[in-house]
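Several structures are given next for inspection.
There are two complexes below, and they share chain A, which is joined by chain B in the first and by chain C in the second.
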Partner chain A sequence: MTPERPVPFRGGGFAPRRRRFVALAAFAVLLGAWELAGRGGWISPIFLPRPGTILGALGDLVRSGALAEHLGASLFRIAAGWTLGSALGFAAGLAIGLFSLARSAGIPIVSALFPIPKIALLPLMILWLGIGEASKVATIALGVFFPTVIAVYAAVDAVPRNLIRMAQSFGVPPAAILRKVVLPGAWPAILSGFRITASIALILVVSAEMIGAQRGIGQFVLQAGNLMIPEDLLAGIVVLSALGLGIGALIGTIERATTRWR
Partner chain B sequence: MDLVVSGVGHAYGALPVLEGIDLHVASGEIVAVLGPSGCGKSTLLGIAGGLIEPGAGAVRLRGEAPPRCLNALTYVFQDFALLPWRDVAANVALPLEHHGLGRAEIARRVDVALERIGLAEFRGAWPRQLSGGMRQRVGIARALVVEPAVLLMDEPLSALDAQTRDLLLEDLIALWRATRFTALYVTHNLAEALRLAHRVVVLSRRPGRVREVVEVPFDPDARGTPEANAALARIQERLWGLIRDEARDAEREILAHDA
Partner chain C sequence: MRRRHLLRSATAAAIAAPVLGPSRGRAQALEKVSIGVLKLASSGPLFIAMARGHFRAQGLEVEPKYFTAAAQVPVAVTSGDADFGVTGLTAGFYNLAGRGALKMIAGQSREEPGFQLNAYMATAKAWEEGLRDLKAYAGKRIAITTTGSTFHYSLGLLARKYGFDMASVTMVGLQQLPAMAAAFKGNQVEGIVIPVTLARQLEAEAGGRILGWVGDETPWQLGALFTSPKAIDQRRATVEKFTRAWAMGCADYHAAFNARDAQGRPAKGPGYDELLDVLAKAVEQPAARVADGLPFVDPQARLDVGDIHSQVAFWSAEKQLRGEVDAKAIVDTSFVAGHFNIPRG
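On to the complex of A and B.
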């Protein structure tokens, strides 16, 4: 009799999927273990306060109005710096993506200046613009500008040339090709760039506020550290984390609304 | 309106791809251009449509454009070239949007073009939701909506599977019967050229020169009778002989170059 044996299944694995409830459970287990370790005295409250204590500190910050004051100052700086840096970066990136002269002059300049850690320029900005808001906004704008330039010109480069040729073959005017072909084609990659520059703006605002500011989440976190109030310090970090998540969610919403075709 | 190509030559840097091409596509005629890979077929089409500046020679349109023509030389692309962020109707509307037509007139013309190509019920679909054949139908509807004088078709069926290709070929023949469009049709598929074209221009290997022009003695919609099939089989054999030799020589050249 001819021997027979079953064919074993070999195609499993290498296809990870996200399970929402596992994520929630992982958070709950982490926070629960932290809380229990704090209550059991295994973690000193001076080094790492319990989640409950941090939540209490956060509540106090909300009630006293301090959170609104610090958060408002940081949000203003982020909004002003990011908008300025993104607008200028978008214009420069578009020019590099579209015109040979701008490309020839722009790419070497951007490549040379992009690696400079922008927070190192804050003292120079303070020297030029003073210790007030302008120097912080300018530092954030500089930090946002270069990655935006790169994201935009790379996005324009990635628009399939055949689509541009198609529009040209129908005699579509250049401005309309830019509006109807280049920008919509580049938009998803530009949005990815915005996601990165929003994180850069958040990092820079905290750094700038730690160097010289009266108000702002960065300044609040630094002061809480200096005064040895770790629950306030961590409450500030929770606010920063929520801010980062909020900005990411906002960009995600814009992305879903404007790229339904994908 | 006739398309006249006179003495066209072109080189990419030091590499000549076309040399001394003379071609005449008469109104209502479909002329297929066949040749081995790299012989400059697509370059010739690019030059004919004004998308590539010829190194030598010129391309002219002779005669009056059709009365409602908005874009005399209109392409149908191999890869469809649909804008993925526009639905079917908006893709077809694109070439109408810069002619000062009202929204209602654009919508009416789009409806007529989609109806003609059998895609009226898919007007709101995204390109990603369509099959390859349907996408190319959208590409054809977009070309027809401007009522072109000459269609420039760059291997329009080569990205499709054999069955879809046959269906679309039948659609093109039906369309020619209804509208008597004029076309310069680049392909590497001999059967496709013989099914559709009135004349077949065979290009030599690079640099592409006109090696032979073969008349196909039946209108596209009159092919299929035993008499026509026998004549077409003879032409196919002759054309295949020409192309096979050119393709083999081209292959040898590429191998020698790589070595």
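On to the complex of A and C.
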């Protein structure tokens, strides 16, 4: 007989939780160190302006009213481009997820067109759609469209087939299966697709505003880069990340509201 | 058979190169320096000075670092990736120079009367509708690369010359030349400021009209050779040697390409064909195209210092500069003799 040995408890850990004040403290330490390094002259203001300088540039933007103008112009382009790209992408993705014909034609087309860099198309976009809002909205819509297609059809594919079969065996008509089984089943995955495409829309606003924009956060960032004014450039980046946080929170709210049934 | 023959001659060349190449024999004695540069004819003095061995004669081995946009070159010198830089002067350059990162030491190309380098154009449609002279640029949409670019400055000079308000012109920043050309072809703008090769193309393909040349209408100091204040402090002898070789390249360039006959028409100067070949190879363009857009370069690499002061004043008035930029502090006139138009006081 082997002697009895006490077994120590080996569980626990591997369950990271979020503590809000830690995140804030981490930011504070990071920014504080950065600020001190800048003030101490360890980091040249040409290479990386300190947070205080960036905040000052941001303050100038707010006070002059330029920020509101830039934000207004960019938010319109982001909203219009994202909505257009998502609506078309949703329809195409659903078709690919449901019908053999659409699937056979759609997947190769998406694979062929998705990797085209949108910036390389700028001269053509200008010829096709001009330098007004249409080409800017289209640039964002095009960037949002393809990832949405992929997210939607993958989400539809992931709906458990046995649920669909069960509904069929109960004699539920196809339209109702789509509405009551497929879409609710695919919705959470589609929402995470939206999370990604919303960020893509933010990234693309800079490319879109390369097309002769007079106003816009992307145009402001581009101009600051051309003029080599790093504090303005970083102030623009801060605004873009704040927008990203805002949109992320918005989608989070929608997520909680529409997936409560789970 | 043939391949083996090729292979053998290649091997022979590889063995012979260190013996034949004058640079290799004295490689240890040569000091290495790098320069940020664009593959454009305006960088011609550099390519010529390298091909003719002017740098080697000064004990320097030059490594060119190629960039695709004028804005990148001053950044490379600021970050220490290149010891020198030579390119067109933009507001971005003055912002870096104003913060003490750069100093101009010699001239590069200049917009001069009789040299067709950049054109002010009108689209066929705008021409029909009455945009027939440069005064009429007021109130129009003009395609440029970016705010703060050399094109922006040329437009500013035009506004001053013809007395129209710069704020009345809508500058359409399209970042790249192909995008500018596309907007022009599609009548999305009324006018454009664009280099000669594209200007000719737009004339032929889109019926665009050349209203004038920047050099004829509004001459200015387009480009400069610059380095960091640190290099001037710590490697002054090297900067002197480099500038000397650069000035010799400028002299060769000027003699070959900027010659004019009695009627003021372009003429071939000494070494024209040989040096055109050097340029064509360096910028990777057909010689005929390079010959179409050869800018004026001062034979002694002098700067129009007064014009540098005007540029700083313009960018400051256009609110494209952060903080005070002292035009005097960003030019070091001690490396080239005879800089002209130096403001007094």
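Keep in mind that, in the parts below, the second predicted complex is superposed on the first by the 238 of 262 C-alpha atoms of A that agree within 3 Å, B and C clash if a C-alpha of one lies under 4 Å from a C-alpha of the other, contacts with A are read in each partner's own complex, and residues count from 1 in each chain.
Keep in mind that, in the parts below, a residue touches a chain if its C-beta (ideal position, glycine included) is under 8 Å from a C-beta of that chain, and two chains touch if they have at least 3 such contacts.
All figures in this text were calculated on a predicted structure; none of them were measured in a lab.
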Checklist line | First, second, both or neither for A:R39, with chain B first and chain C second | finding: neither
Margin query: After the superposition on A, what does A:W261 contact: first (chain B), second (chain C), both or neither?
Written below: first
Check: Which chain makes contact with more of the residues of chain A, chain B or else chain C?
Finding: C
Next item on the list: For A:S169, select first, second, both or neither according to whether it touches chain B, chain C, the two together, or no partner.
Entry: first
Note to self: Tell me the contact category for A:N226 with respect to chain B and chain C: first, second, both or neither.
What the structure shows: second
Next item on the list: Please indicate which partner A:R179 is in contact with in the superposed arrangement: first for chain B, second for chain C, both, or neither.
Entry: neither
Checklist line | Residues of chain A at both interfaces, chain B in one complex, chain C in the other | finding: none
Notebook entry, point to check: Which bits of chain A are touching chain C when the two form their complex?
Noted result: 45-47, 122-124, 126-127, 130-131, 210-214, 219, 222-223, 225-229, 231-232
Check: Any idea which chain C residues touch chain A in the complex?
Finding: 71, 74-75, 78-79, 90-93, 95-96, 99, 101, 143, 146-149, 170, 172-176, 178-179, 181-183, 185-186, 188-189, 320, 322
Checklist line | Sites on chain A touched by chain B in the complex | finding: 162-163, 165-173, 176, 180-181, 184-185, 187, 259, 261-262
Item checked: Residue ranges of chain B in contact with chain A within the complex -> 49-51, 71, 73-75, 77, 79, 81, 83-87, 94-95, 97-98, 126-128, 146
